[in-house]
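When the chains are written out, they are named A, B, C and D in that same order, and each has its own residue count from 1.
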Amino acid sequence: MDIDLKVKIGNRYLPNPVGTASGTFGYGDEYEGLYTPGKLGAVYTKAVSLLPRDGNPPPRLVETASGILNAIGLANVGVEAFIEKKLDYLLSQPVATVVNVAGSSPEEYLRVVRRLNETAVWGFEINLSCPNVKQGCLAFGTDPRNVKELTALLRNETDKPLIIKLTPNVTDIGAIAEAAEEGGADAVSLINTLLGMAIDVKTARFKLTNRTGGLSGPAVKPVGVAAVYNVSRRVRIPVIGMGGISNADDAVEYLLAGAKAIQIGTGNFVTPGLCDIVYDGIVAYMEEKQLHSIDDFASLLRDA
Amino acid sequence: MDIDLKVKIGNRYLPNPVGTASGTFGYGDEYEGLYTPGKLGAVYTKAVSLLPRDGNPPPRLVETASGILNAIGLANVGVEAFIEKKLDYLLSQPVATVVNVAGSSPEEYLRVVRRLNETAVWGFEINLSCPNVKQGCLAFGTDPRNVKELTALLRNETDKPLIIKLTPNVTDIGAIAEAAEEGGADAVSLINTLLGMAIDVKTARFKLTNRTGGLSGPAVKPVGVAAVYNVSRRVRIPVIGMGGISNADDAVEYLLAGAKAIQIGTGNFVTPGLCDIVYDGIVAYMEEKQLHSIDDFASLLRDA
Amino acid sequence: MIDFLSEILLNEPVAPDFYRMRFTLPETVAPLPGQFFSVKDEQPTGTLLRRPFAFSDVGDGTAEMIYQLRGETTRSLARRQPGDRISVLLPCGNGFPTAVIGDRTPVLVAGGVGLGPILFLYTALKAEGKKPLLIAGFRTAGLIPHSVLPADTVVCTDDGSFGFPGNTVTALRQQAAHRGTVLFSCGPTPMMKALSLFAEEFSLDSYVSLEAMMGCSLGACMGCVVPVRSGGYRRVCKEGPVFDAGEILWTSI
Amino acid sequence: MIDFLSEILLNEPVAPDFYRMRFTLPETVAPLPGQFFSVKDEQPTGTLLRRPFAFSDVGDGTAEMIYQLRGETTRSLARRQPGDRISVLLPCGNGFPTAVIGDRTPVLVAGGVGLGPILFLYTALKAEGKKPLLIAGFRTAGLIPHSVLPADTVVCTDDGSFGFPGNTVTALRQQAAHRGTVLFSCGPTPMMKALSLFAEEFSLDSYVSLEAMMGCSLGACMGCVVPVRSGGYRRVCKEGPVFDAGEILWTSI
């Protein structure tokens, strides 16, 4: 059967819908040998900010029921070191390098995008949704007006695919997605983590030094699927779905809900070769259901 | 050691902080024999609406990773049948009978509260947060202005404890809690379920006829704890915490986060005698940590 | 209703993907045919909720179920050893209304996981001196759990590789005397739908034991409902799992 | 780094709450003392993430760990039988820097779950012809896993019920020649803190193997960091788990 796995985002094509979620796959090099080149369509990098960031004091991670809370705090090498030390490896791989961009002011987002726009990165994923830092990010991401303005600002700066990453910690995620679309985004990706907390009752202490963290993993999959379903009915731009994907069926579930591509985050920790398994599973599903392209998924969905 | 388990809500006292979450314990009678009278402080009933409601077509329930999605749709006997057939049993038990009230208009909430105010029910929990019905509920619960007005309307009607139940599907749950407090609520309870969805990939069908459902169970505990922590720092009225409590430690975690009482929902399905276990565990914890009252929990909390 | 920490006494395969488990019961409960219990394994299974299973036999402070490997809980259960513990909430549901039989012949029809409760009903009716006719359907010969089937079972296989060639409803149709019978069945929904059409055709009393996803298993959550002809819904765990087939709104399930 | 589906060869208690598990390794990997692997059981354990454990021995296409029952994963692992399968991600981390030893005496200090990697280091150093001194601390005599300890181990018990009465640091202090030694240790954080104070006092080289909650175990998530004196953080799974004790900002952990 003839199967086309390509996914159009803005003026470019992802080779296939499988990607690794920002912050869980570093800059790709650490996972070398654990996946088959070509089966991974895109690496969404760990957030890159203008200056290097140490991140939050440990403990930064705690396991919860079918999930994890993280409070990494956007620890990253900064845009210059990223270009110098990390980018070459990524560009040498047969994947789309999508740089996840974080900032604490519109100016900062702008400068990171401007700097990277000169390089051969494939596109940008703008993180307006990290719950783990005091300034920026989440604050921007919860107000449709801010989202629209910031998107327009960055749109002005680059012709590369511009993906806005949304937080689920809002009343109406569809309205935020619409604002991104109006601002000129090529796609939206969702969901980032849910705001959460864990307390060790034996010691009566917060389990994370940052007190709150972001919840991800299988626990949040129903929230992610609902969000993707809702958003994909509100905007015309492609939706990239994530949240709790831990096998091929989970990825297919997101595609059925309306996603055009998916990202694997926490699942990488449990199964480092998960993108291979998901790639193979998507292909097998398309063969079984006679789907020719990723667009065919959405029309398959039926009522219970 | 002298331990006082009482919890003041408005002008009344709950005998102890352990309660059963609305919709998971029916009207109490089904669980007879499965718990020790006196260890359960309050039964928060299944939602009661003005008229009987059939609820949504099945399937209404699906299991997810460490959680369940439900789309019961507030199936209930209606306020008159509740008073006639269900109330006597509840009032014969040594528990506070808190009636969870649902409506599709302020008028409907008002009429249910007015009718029940004549009876010996202990108090009211106003459900502004059910994601499973088209009208009312959630729509009210996401707008602080509506919440304040509706609370004030009901406050005018009753001197019994008035608890407003909040949805986590909002940008700022603290703002909604403040609105309830300004409207005259005696307490807020949280969290109701998170909006979620599940799709069966084999059949490409929604697993719930209602398409979306409400996520509860251990999966959501970190979200509930964070919400209780945040809200309890924004309002002076007591906060009643719930979401994923499945053992005594989970309940203690909520009390440490700032809750003055807790509710057990999905946990009842797994361990029908959970309220006994939680009651005993709270007492044991208070003895070990030398806490004399429920108010002492919050001051125990320390940084990581 | 009690929640009992039961000990597994025996756990063995009886057919491909079918197991039989025997476990201890408190002496004080005497579950009826058609009633069920709700299980939570003491060891992790990868699932959250309890799972409902029908009794296939009860006696001497023990009970038995016959279960099919379907998902994580049943696969985990199959790995458990005698001595391991499971928590069982019981007795749940209403059971088969055997009093209605009178002097009619009870015809018992089982398909797939419906075999357990039908076997229990068969045993109970025999003990009462009744002469139940037992019809059990399987996909193919290799899947038949011969060791648990009474010798006089009418065995059907879809592919004709053993016994009656065809499904249970066709087998039933070929039985002579329909008038004097009452049907009791448990199995896949399509089978029970077909059986109730059949029962309507011949104006037979027909009782079906239904499946539904369950939350509480005891009537509190309204999660397990089926639509009924008279309007609204009934709880499978409480008003069921056994229903008069005529009550059910088959077009909606 | 590979993710290998390994078969359990042996799984037995060696002391109360301590088990030893031997499992297959791919022939192509040769983990070093101090390196670790990250486990996911093929059967449900009630936990989501992999769990990191140090090698306590490696050879002939097999490896061994010594693990303590702490929570759900370790309790589940203890129930597994030879023949069951676990997924192991390996080799992780850096290992002990044995090249720095030169002609100094390596002093190996183990506490609690730190015993495994220290035993592996001991075996490796012996094989190189070195004369390591092994000090291992336990709470009380009943908890000592005698079967896995070399005969010349200096065993300490906190309650004095066996061997040297007191903790490992006190035992170390009583050893004569501090100057010509290099310290390698793994154990509870308080023990390693005390050891690094001791090392500073006598200007000894000291290497510690640290624990941290891990997400990926391979350097990608930044979840497992420890604060360092030079500012910022280092990843325990990548730059560690073995660190020069002088590098660590002990006041913040």
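List of remarks:
Quick note on the criterion: contacts are C-beta pairs under 8 Å (C-beta built on N, C-alpha and C of every residue); 3 or more make two chains touch, one makes a residue touch a chain.
The structure displayed is predicted, hence computed values, not measured ones.
Distance from the subunit A centre to the subunit D centre is 36 Å, each centre being the mean of its Cα atoms.
Averaging Cα coordinates per chain places subunit C and subunit D 53 Å apart. One simple way to say how far apart two chains are is to compare their mean CA positions; for subunit A and subunit C this gives 46 Å.
Taken residue by residue, subunit A touches two or more other chains at 59, 66-67, 217-218, whereas all remaining positions touch fewer. Subunit C has no residue in contact with two or more other chains. Taken pairwise by the contact criterion, the protein chains form one closed cycle in which every chain touches exactly two others. Touching pairs of chains, sorted by label, consist of A-B, A-D, B-C, C-D.
Residues of subunit B touching subunit A in their complex: 59, 64-67, 69, 142, 169-171, 194-199, 201, 203-209, 211-213, 215, 217-223, 225-226, 229, 244, 249, 252-253, 256-257, 285, 289, 300-304. Those residues of subunit A whose C-beta lies close enough to touch subunit D in the complex are 23-26, 30-34, 46, 54-55, 57-63, 66-68, 70, 72, 75, 217-218, 266, 268-273.
Those residues of subunit D that touch subunit A in the complex are listed here as 1-3, 40, 47-50, 87, 89, 212-227, 231-233, 238, 252-253. In the complex of the two chains, the subunit D residues touching subunit C come out as 43-46, 72, 76, 79.
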